[in-house]
Every structure is written in C-alpha cells, then in structure tokens.
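Think of it as A, B and C in the order they're written, each chain with its own count starting at 1.
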Amino acid sequence: MQPLELSGVAKTFTMHLQGGLRLPVLRDLGFSAAAGECVALTGPSGAGKSSVLKLIFGNYRCDEGSIMVRDGDTAVDVARASPRQILSLRRRKLGYVTQFLRAVPRVGALDVVADALIDAPRAAARERAATMLARFNVPERLWGLPPATFSGGEQQRINLARGFAPETPVLLLDEPTASLDAANRDAVVELVRERKEQGTAIVAIVHDDLVREAIADTSIDVTRFAAAA
Amino acid sequence: MNSACENPLLKVEGLTKWYGRRLGCRDVGFDLYEGEVMAVVGESGSGKTTLLQLLSGQMEPSGGCVLYRLRGGSEADVWRMSEPMRRFLFRTDWGYVHQDAQLGLRMGISAGGNVGERLMAVGWRNYGAIRQSAVDWLARVEIDRDRIDDPPRTYSGGMRQRLQIARNLVTAPRLIFMDEPTGGLDVSVQARLLDLLRRLVADLNLAAILVTHDLAVARLLSNRIMVMKAGEVVETGLTDQVLDDPREPYSQLLVSSILPA
Amino acid sequence: MTAPVYNFAYLDEQTKRMIRRAILKAIAIPGYQVPFASREMPMPYGWGTGGVQVTASILGPDDILKVIDQGSDDTTNAVSIRKFFSRTAGVRTTTSTQEATVIQTRHRIPETPLTEQQVLVYQVPIPEPLRFLEPRETETRRMHALSEYGLMHVKLYEDIARHGHIATTYAYPVKVAERYVMDPSPIPKFDNPKLSDCPALQLFGAGREKRIYAIPPYTRVASLDFEDHPFEPYRHEAQCELCGAADSYLDEVITDDAGNRMFVCSDTDYCETRRAAGEGGRKAAAAMERAP
C-alpha cells in the first residue's frame, strides 16, 4: 500500500448563485505516490492542479472516488473520513505548502511556523521553526514580526518553513518556488531531496521547468483527467 | 491520549426547540471532541443563539438530547440530570462567554473578585490562594495586574471581554460556549481578543462552540463549522471545507457576501 | 369616646396561628427564610413591624417582656413598642434581661447570657444576606436551595482586597447548622459569637420583606471567613466608664463641644446591674472620691 493512492476521483463545482451552473473539473483521476517519490502535476492554469492538492488535503470535498492516505497499518479515505479523522490526518500525515500564506494577525513569523507543529512542546516547536526559517534565509529580525506586512517572497518563505517543519509522510507542495530568488529555489530543491531520502511521498505543482526536473520523479498531466463540461 | 478521549465530549442528537409555533431550531446533531472548535454561523434568526442556549443547559429543548461526558468518563444527559448538577457543571466544567461582557460579569465587584468567584463557589477558602489565582489569570488574558482591584465598570470593552474569559477559564473547564465574543469591539481589539482565544484554546486543549455571524472569525478560531438558516442546519464540515468549497446555495451565498478588506 | 378594645397583643388569633406556623417551619429549618403574610401594623415599615408580629404571636399573659433598641431600654422605639404591648396585651414589662421571658431587640444581643426559658426576637430590615450582590429574588432563592454560597465569600474577598481585612462590622453573615447562610440582622460583629450554642430560642422577623427565620437553641452558628483571614471577635480598647466592664459592647458618647468622649456599655441593663452590684468605672470611682 502506497502512502498516497487516488482512484476514480471526480470533482464538479455547482454555482448556485449563477443559476446552478456546473463546472466540472476532474473526472476519474487516479494516481499514487510512493515513499520517497515526487509526483509533479502539470497542465495549464485552470486545469485543476491546485484542486487535486486540495482534494487530497480534504479542503475540497470530492464527489466520487477515493483518496487513501496510509496511517500505520491501515489507510484512511479522505473522501469519506469524519472531520475528526481528517483533522488527525492533517496533523500527523499530511503536510501542505499552500499557494498563499494566510497570515494570522499579530502572530510573529516564528510562531506562525511553530504553530504548525501542533503536537510538539512549545519550546521544541520554536526551535525547529527557527531552524526552518534559517534554512530559508529569513533574517532573525523578522522572526518576531507578523508576516502580513512582508513582501511576497518573504511570505512565501514563511509559508515554506511552515509546510516543511512537520515531518509528515505525505507532503503537498503548491508552487513552492513562486516569488523566490535562485538561492531560495535551491534551498527548496535541497529540502525536497532530503525529504525524499526520508521516505516522504510528495505531490507537487511546479511551474519552473528547471526546478521540476530537479525534484520530480513522475509527471502527471492533469488535463488527462479533465471532465467534459 | 487515553481511551476516554476517543469518546466525544459532547454528543448532540435531534436537538429541537419550538417557541410555540415558531421554530427555534430543528434536528441539530453532531459530536464534539476535546480540542475541537466548532463555529455555528448564520444570520440573525438562524437559530444559532437558541442552539447555544440549548447546548449550555440554559434553555430546555422541545426534543432531542445533549449528552456530555463527565470527568469520570460517564455520559450524562444534560436535561435529565438534576438542576443542581447542571448548574454545577455550568460553573465548573463549562464556560460561557457572552457577547455583552456585562452579562457575564459582576460589574460592581473587583476584577479579582470576578475571577475568584467560581473558585469560592467550589469551596476555595484561602484568600491568598484565590487572589494569586486571579493574578495569574489576569496575566494570561493580558490584563495589567494592578487593575485586579478595579471593578469592570472601569474597564474598556476589550478588557471586559478578556476578564470574562478569565472568569470562565479559572476552573479549567473543558467546554466553552462563546456567543459572538468579538461582537461590537473595535477591529484592533477584536484581533487581540481572537489571538488570545486562539492561544488559550490551543494551550488548554479546550473544546468550544462559537456562535458568530463573522466568517473571518470562524475561519480563524474554528476547525469545524455548521451553517444555519431559519432554524435548520444547512451545511456542516471542516471550516476550510465549507468556506472554500461551499456546496449548499445558502453557504455559497454567505461566503460570497464577505467584503474583501 | 370609649377606648378601643384590642385582641390580646393586637393581632387576631388566626393571624397569630399563621405566624406561629411560619415560626415552626423556621425552627425546623434553621436559618431558612420562611415567607409569611405580614400584616399592616400601627407603625410603618422600618420601625420593627416584623419583630412586633413575632412577639405578638408568641406572647402569653404570663410572659414578661423586655424591649431594647441598640441595647438600650429607654430610646423612643423601645419605649414605644413596650407601651404597645403593655396596652394591647397587658403583659408585665421589664428592663431586666434576667427577669424577661421574651426579649425583643433591635440591632443588639444582650450581654447577660440567656437561658432556656427565654426567647430573643430580632427586628430585621433586609433578611437576604445575598441581596446586595444579587438583586434578583428568583436567583437568591435558588442559591439558598442549592447551597450556592460562593458569592457570599466574594463579598468578604472584596473587603479584604479593599481594606486589608474583612471590614463588615455589623450584619456579619453566618452559616447556621452548616447549611443556610443567614443575615443575623444588623447586630455588631461583636455579638456574633453569642448566636452560636445559645440556650434561648432566637427568632428573626422582617415585616416589610415578609420573612421569618430562626435559630433553635444550642445550634451551631459560624461566622463566614477565610482560612487565612479567620473571624475575629471585635475587642474594644476601652472599658465602660460607668461600670468598668471590659467585655461588653461599648457606645461612644460625645460629652462636650471640645470633642471629649466617653465609652459606656451599649446594654443599659447590663451596665446598671453591674453598678448596682458595686462594680465601678472611672467615673464612678471619681464620684465616690468626691462623695463626702
């Protein structure tokens, strides 16, 4: 059993405010990610790549199919799991670097990252957060400041630190290198390599061809699973 | 985590309330576990405040039941238990934060007295210990310790709310009910209060049910959400699920109605 | 015009029975406030109607009545009430605590220890000890029923926070028979220890608020306090100038325009009895010295 297995996943949005207009996005989507493997999702913008990550994370609810995440000896189907189970999976099994940082007001960057380490004691969480921020070259003087006023690139690096800090068996990356300079792009690539060596299964959306080539073992063209309108 | 945590802290089944022929809320059901924060959102008249009153033992339902897991592990029906028991739970195991702090505080009593009251109600008889506990809690809610002898009449709105929170948390409750806790407060004051609530809920592993009409507050504080309209539950799920991928027409309407800042 | 004829002790017999039933209930549940149908009395509310109704209901023709107001038999109110019973019941009245069988009092407990043959009737303005903190009657009744007395300690806490010590000096709340919290009427804190284990029956009547409560003989009554701020009976620093008593509650009397003052026993009967027995205070000693 792979750490992550999708099968027959379908998603359609129904816009009730537009008279019930239906927007089919995905149909019969299936793939798996093995431990230490990085699967890259490709396709033009609007094809539904981010939606796939959101479905895996349980952020979007899928209409059909199953999304199996390995949990010890069993697997949990995100598509059918209870809210409690999904919250538990997110804490322990599913890491996620979202496309945009949702900054909580008043919380300093270090604590934003440390908050992602829910089950760790506070001091240890802050130490790990500090390590991650350092890896992404976030200067210490910014660690106490709330990221809402940071530049796009700085916010992205906080976001990355937060996503990479907990060492979950499955990691989802949505445009991890957007807004980054070369040095930080390299830091991302390095971290992904380390995680693969640790046996993490990674699903990534990367626009930058060079970075994708550096990290991806498999590519999946999401348009293959586009649903007919 | 011990096995007791595997059982829900609160189990609600078919909860219904009729005000004569007018529907308060109908057929509400969910399980709530320790550490989970559930937001109940809806517009005025949705039934969310009615629901909160039913859940917290303040108003008797017309139908359905509310089952609470006591500290010993056994399950008790909130409306079958004796009134003294229910009042005792309300004062110790549960907290209730009112929208209007004046309803949740004794305005003429000092802050220390307000925080210490619950302790005195459960039998604390050492003045020094009570006062020290009050000092500690005021610090946790970021109220200056030299305000401990001032009555909340002299406090600002935000301070009153924080005092109300301290007053509720002093007996280490496991379940907190909050009714629009940031309603009517200035934006910056709101932010500070939300931050405090977020941290306290996380630090104390509290379960909470939060009634709000503000989706941003729901997103910040809760991990589960229930959308209500005209007394019925329209949609329920994880907060990010319902706010990012709303399925029901009414949920979509609510979410799309938020003005971007 | 002929003089009016009163029923014995003014109240009609049915009313007295109703009040006695309330009294029995009150004795059966020490410290619990029993509602009763308070009657219109020939004095306004606030002038002891509760105490008068209780006394009227228990008085018999052989009783000997003493009435005191702040410890004194000769203030206007004491005199007036004593005359009232004299007229309507024809009972013997006295100023001697030892002689009396029924003592009606406003705001003091006599210094002379009471006996099993006596009944002490207190006049009570506000019977509800929680009233000033919780104005709702519905709520205070619940609190008594469920023994939810945390709020009472809040009041004491506030005192200590504000004054460094429990500043309540009269109407100091007590717990009766380890169950009900009670307001002992505005007696000075000094008198609180006398409430406990008293051989006499103690009855409390509030006419305006329409409540009767009781402490049966030999009942344990504890004044509320904190472990680290225990109840301490008040100790005067002076002695009575007239009789030299060091253990009675003293009144402060201003003697002239220059601010001179003296302390005398509040309980006039106690003071007189001591003086008659030859005890002397400073003044008495000075007078004796001057005597030929």
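Note that contacts are C-beta pairs under 8 Å (C-beta built on N, C-alpha and C of every residue); 3 or more make two chains touch, one makes a residue touch a chain.
What you see is a predicted model, and the numbers here were worked out from it, not measured in a lab.
Chemist: Comparing chain centres built from Cα atoms against the global Cα centre, which chain wins on proximity?
Modeler: Per-chain C-alpha centroids compared to the overall one single out B.
Chemist: Taking each chain's centre as the mean of its C-alpha atoms, which one ends up farthest from the centre of subunit C?
Modeler: Farthest from subunit C by mean C-alpha position: A.
Chemist: Need the CA-centroid distance for the pair subunit A / subunit C, whole Å please.
Modeler: About 78 Å, centre to centre.
Chemist: From the C-alpha centre of subunit A to that of subunit B, how far is it in Å?
Modeler: 32
Chemist: Can you check how far apart subunit B and subunit C are, centre to centre, with Cα atoms defining each centre and the answer in Å?
Modeler: Those two chain centres are 47 Å apart.
Chemist: Counting only residues that touch at least 2 other chains, which ones in subunit B make the list?
Modeler: If we look for residues of subunit B contacting two or more partner chains, we find none.
Chemist: Which of the residues in subunit A come into contact with subunit B in the complex?
Modeler: Interface residues on subunit A, with respect to subunit B: 13-17, 54, 58-61, 83-84, 86-87, 104-107, 115, 118.
Chemist: Spell out the residues on subunit B that touch subunit A in their complex, using ranges where they run on.
Modeler: Result: residues 31, 33, 36, 191-192, 194-195, 198, 202, 220, 223-224, 237-238, 240-241, 244-245, 247-249, 252-253, 256 of subunit B touch subunit A.
Chemist: For the complex, which residues does subunit B have touching subunit C?
Modeler: Within the complex, subunit B contacts subunit C at residues 83-84, 87, 106, 109-110, 112-113, 116-122, 125-128, 130-131, 148-149.
Chemist: Considering the complex alone, what residue numbers of subunit C touch subunit B?
Modeler: 133, 142, 146, 148-151, 153-154, 157-158, 160-162, 226-229
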